[in-house]
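Both complexes shown next keep chain A, but they swap its partner, so chain B is in the first and chain C is in the second.
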Partner chain A sequence: MGAFIEVTTAGLFHAAVLFLVAAGLQLVFGVQRILNLACGSFYALGAYCGVTAGSTALGLGVPPLLALPVLLLAGGAIAVLGPPVERVLRLVQDRDESLQLLLTFALVLMLQDAVRMVWGSSPRQVDGIYLAYGQVQALGARVPVWNLLVLLAALVVALGLGAFLKRTNFGRLLRATAENRRMAASLGVDTGRVYAVVFSLGVALGGMGGALVVPSSAATPEMAVELVVEAFAVVVIGGLGSMGGALAGAVIVGLLRAVALVVWPELELMAVYAVVVAVLLLRPAGLFGKPAA
Partner chain B sequence: MSGGLRRALVALAVLAVLAAMPFALGEYRTTLLLPVFGYAIALLGINLLFGYGGLVSFGHAMFLAIGAYAAAVSGTVLRLASFEAALGLGVLAALAVAIPVGALCARYTKIFFGMLTLAFGMLFHSFLFRLYDITGGDQGLRVRRPTLLGFEFEDLDKTEFLIGPFYWYCLALAALLAWLMWRLVHSPFGLMLRAQRDNPRKAEYLGVEVARTRFIAFLVSAAYGAVGGAMLAVPTGLADPELAYWTHSGTLIFMTVLGGFAHFAGPLLGALTYVLLQDQLMTWTPYWRLVLGVVLALIVLGCPQGLMGLPALLRARFRPSATARPVPAE
Partner chain C sequence: MPATRRSLLAGAAAAPLAGLLPMPAIAQNRPLRVGIIAPRAGVAGTVGEVGLRGVEFAVEKINAAGGVAGRRVELVIEEETSPRETTERARRLALQERVDVIQGIVSSGVSLALGPVLEESRILTVYWDGTTQDGVNETMPRSRWVFRSTDNECEAVMGSLMAIKHWRGQFVTVAGINPDYSYGRNNWAAFIAFLKRFNIEHRIVAEQWPRVGGMDLTANVAALKAANPDLVFSSMLFADLPVLMRQGHAAGLLEGRKWVFPAAGFQHTSLKREFTPAGMIFGHNTLYFADPQASPLAREFVEWYHAKTNDWPHWEADRAFFAMEVWRRGVEKAVQAKGASAWPSNAEIAEAMRGIKVVSLGGPGRMRRDGIAEQTFTQGPTVHDPRYDFPILDPAKITKLDGRGLQKPEGGDFWKWIAEAQFDI
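What follows is the complex of A and B.
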């Protein structure tokens, strides 16, 4: 029982981070129809910003228990990159999808080296936060409190995002733009602003996901290209463009990896892809996706 | 002079210049040209899908890795010294993987196709990376020096072998495969492939079996990828899992766009330019990826037709009467 709970919470922790990144990916795809290969790069950037902010805060004497808001802010702060990057992506908005994909690949290359220039190539971590939060013991399991808090934070973000999209006026404009950009524009929606906000939000979500992992695992320049692969698995399983799909896909991928890591570590990623292939064969549009036109 | 004859003469002239290169360039520069041939062949295959078929694969590096590992396995495990055996094994292995993968992917286009191929490519990468006993894990497998057409070239050391017989062998193979690809894209099959790219529904009405056409193009490009991969592995002497990583697939598409995916010769020019550019940048700065990223962004934004499209673009800039309409591959 104890081991079961430990594996499940470890999987859900990973799922929470994956959900944040995948939600950003889905949001940008849903509205702008751009598949952002650089989603992982923003995740990495968020992680490194989290390293800097976290160690600075600890150095200034901020109690480690306040690390969660500090890291969330640091990861979210890279949203400032959103508007300028979106401005460049807009130049290829009406062009072939392959060109859009390539432009985001160019971003991957640039950001990977930009991170190396600023933070160097060696892994970076913030010590002292993970342990400060301690562990809870229940039913024979030891679960780090940090993992539970991240889970909670992701849940809050998911609910907040849902409320933002469904209940607010801007959310309505955003969904209208996703549905039909030209129609929305002709009804007076400032679609340029919507795009800028959506992309920045996507960047912020990825950045927060990255910032939340640095207390428990190190930030490396390779984490960007590694995460993209998992984020893609999440959105393929869940269905491209669907928020519910991102949530379901993230939980499936997170749990699957955690279980595979215990049962048969060699097959960790392969197990994820076996599910991807199975979903594609049985439900090509993903679990929550609309069938592709 | 007719267009066909002129093209043939240009191709022959380029071939003659390339064949003379080992005499004109030093050792280092000649070895630098070797990956160009491997990449050129792989890119010809990729451009069949991308330029002619309208399908962007972000998992094609997988087939290069298959070719490279086939070269390693045929030399070390199967004890087949012949390079032709390695190429044959690579093509067979690539087809064995491409048939199920292609059957699944050919149902999709655009972004879905890109994502799916990426997923399969990374599946293959994790297979190479994790199954240490079979694939050597992150260490990869050693590729032994092969014999070419049964000749061993015992009296040549490694560099002499590479810049001598192996160089001309690669050049000849690249020329042969380029000619075959030229015939293929100008055959009725090539026409069907372009038709499904421009308007799949209309092509279907006219009797083109769209999914099957895509599937066959996928198989051909997989085979070209394997041949290219085997050729890349001999000079480095190593088949390692990074060959299959998705960023390598991205680099392959980058090279294709750099040369110009709308032109038959674009991938060849792209392979040459990319290899030389990367080599030059790596001597200048450790942050060469950053520069390459900027180059890629500038090409996508300013010159999506690549280097082959540059003359038309400049003509349009200086003579407003001429139009630089983006033209898909013919």
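What follows is the complex of A and C.
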């Protein structure tokens, strides 16, 4: 039982981070129809901002137990990059998807170099947070509290995002713009503002995902590319543009990886991409995606 | 065949590169140029930086003592990245910078691809940590220009011997978490081969192969814990090792098990005491910074390094020092053999380097006749010492082994050697 809980929690921890990045990707695609490879870069930027903010906070005497809000703020703060980057991407909004992929991949490379210039090329870690939160022991399992907090944070973000999209006026404007941009604009919706907010929200989600992983791991310039591949597997499984799909896809990928590592480690990646292939063959729109008309 | 303008030009271009012709007397007054290729970014970036410190220390000492056979040494530094880019940089060092020798290279992936190019281009090269191994097999059995480091598996061989020496009869179930490329795969296979060689009853309960640079190891940690091994062998050595240790500690994986990390020395100062328990076997490869039996030279280097960086060096500094020392001694031997008449060619220097013995920072070593280095390796169980915020080796249990006993002999087969050689543990 203990091992089952530990393996499941480890899978869900990875799923939580994947969800945050994939949710940003889905949000931007759902509203703006832009396939944003740079979501991985915002994840990396969030991680580096988390390292800086976490280390600074600890250096200033902030108790490690307050690190969670500090890191969430640091990761979320990179939302300031949203409006200018969105303005650039708007140039390819109605263009061919391959052009969008090329432009956003160029952004990935540029931001990777920017990270190298600011933080250097060596992996960066922030000590003193992960272990300060201690562990929970139950039913023979021992799980780091930080991992559970990351899970909880992702869950709160998922619920908050759902409530924001469904219950707020801006959420309705946002959904209206996603459904029919021209109609929304003709009815007086400032679609430019909607795009800027949506993109910034996507950036913040990725940034928070990155900031939440640094206490347990490390920030590296390469982490952007690593995660974006998995994030795309998530959206293919869940369905492009669907927030519920992002959640389901992230959970499937996270758990599949964790279980594969126990059962047959050699198949860790193959297991994930076998599901991707199966979804593409049997349900091309993804588990929660709308089939093309 | 009559000489054409093209053949003369080609010959003129190749001559200084090949070093086949004695240099003109006027060139002998210029400093000797040493091209260094080292990683400066990515997961191996810090490794390269430590190596560069080793070079800096060596060159400071050489120049202070009057240079190599009377000629000062100058460095030209390039970055080691992908095999293709690094090959281009090596060519640039030889053709544009006209270096006398190239030293460096950490990744065997790079050095394996680079070796044949350097050999064909007749560029005298001494690798720091790179080999020309395809798996455990040597691809350049008797290269003329390329001299390489010790076999990749030396530390795994010693780590396996240490595990058997200290914990024989105390474990049955074993697991491995090793980087997913030939180094990790071969190290794990070597460990298992040694268990068989010494008739150690064992059962493999988990094999984890995380990607190099993969920083989320929570699922690997959970999988290892689920397997509940008595002993875990891990040849992880880059920035992912402290991550494994921290995540493993938080999940309770490290407690109550025996751990062998034959390459932990690469990350020793990052493995903080707060999450790295004592009692693990750590390998420090060819340089252990706190070696109580260290030579005065090694002590001087460690102090010099600490004063400059506020950190403690690891073995890459020694590999770089060793490479420089082998080349320096080779040049001086060749110059002595040649007499005062002319400067020796690179071919003569390369020949002089074969079989040469040197004392490096980590202890005595030699360059075998087949161009493969043999050095002294250091490993042992760890303890916590209040002077350091990371574990060090238990001074009473440090083991040093001559490289001769840790790698297959010239032309030998690695697996056959494990099965048949005598090992003194």
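Please note the rule applied: the second predicted complex is superposed on the first by the 292 of 293 C-alpha atoms of A that agree within 3 Å, B and C clash if a C-alpha of one lies under 4 Å from a C-alpha of the other, contacts with A are read in each partner's own complex, and residues count from 1 in each chain.
Just so we're on the same page, contacts are C-beta pairs under 8 Å (C-beta built on N, C-alpha and C of every residue); 3 or more make two chains touch, one makes a residue touch a chain.
Treat the numbers as computed from the prediction; the structure is a model and nothing was measured.
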Touched partner set for A:Val108, first chain B, second chain C, both or neither: first
Touching partner for A:His14 - first (chain B), second (chain C), both, neither: second
Which of chain B and chain C A:Arg181 touches, first, second, both or neither: neither
Contacts of A:Pro123 with chain B and chain C, given as first, second, both or neither: second
Contacts of A:Glu266 with chain B and chain C, given as first, second, both or neither: both
A:Val88 touches, of chain B and chain C: first, second, both or neither? first
Contacts of A:Leu99 with chain B and chain C, given as first, second, both or neither: first
Contacts of A:Ser216 with chain B and chain C, given as first, second, both or neither: second
Contacts on chain A seen with chain B and repeated with chain C across the two complexes: 116, 265-266
Residues on chain C engaged by chain A in the complex (per definition of touch): 40-43, 45-46, 206-209, 213-223, 225-228, 239-240, 242-243, 246-247, 249-252, 270, 272, 274-275
List of chain A residues in touch with chain C within their complex: 3, 6-7, 9-11, 13-14, 17, 116, 120-123, 125, 127, 130-131, 135, 142-144, 146-147, 213, 216-218, 220-223, 226, 257-258, 261-262, 265-266
Complex contacts: residues of chain B adjacent to chain A: 50, 56, 58, 104, 107-108, 110-112, 114-116, 118-120, 122-123, 126-127, 130-131, 245-247, 250, 253-254, 257, 286-290, 292-294, 296-297, 300-301, 304
Of all residues in chain A, those that touch chain B in their complex: 35, 37, 88, 91-92, 95-99, 101-103, 105-114, 116-117, 225, 228-229, 232-233, 235-236, 240, 265-270, 273, 276-277, 280-281, 284, 292
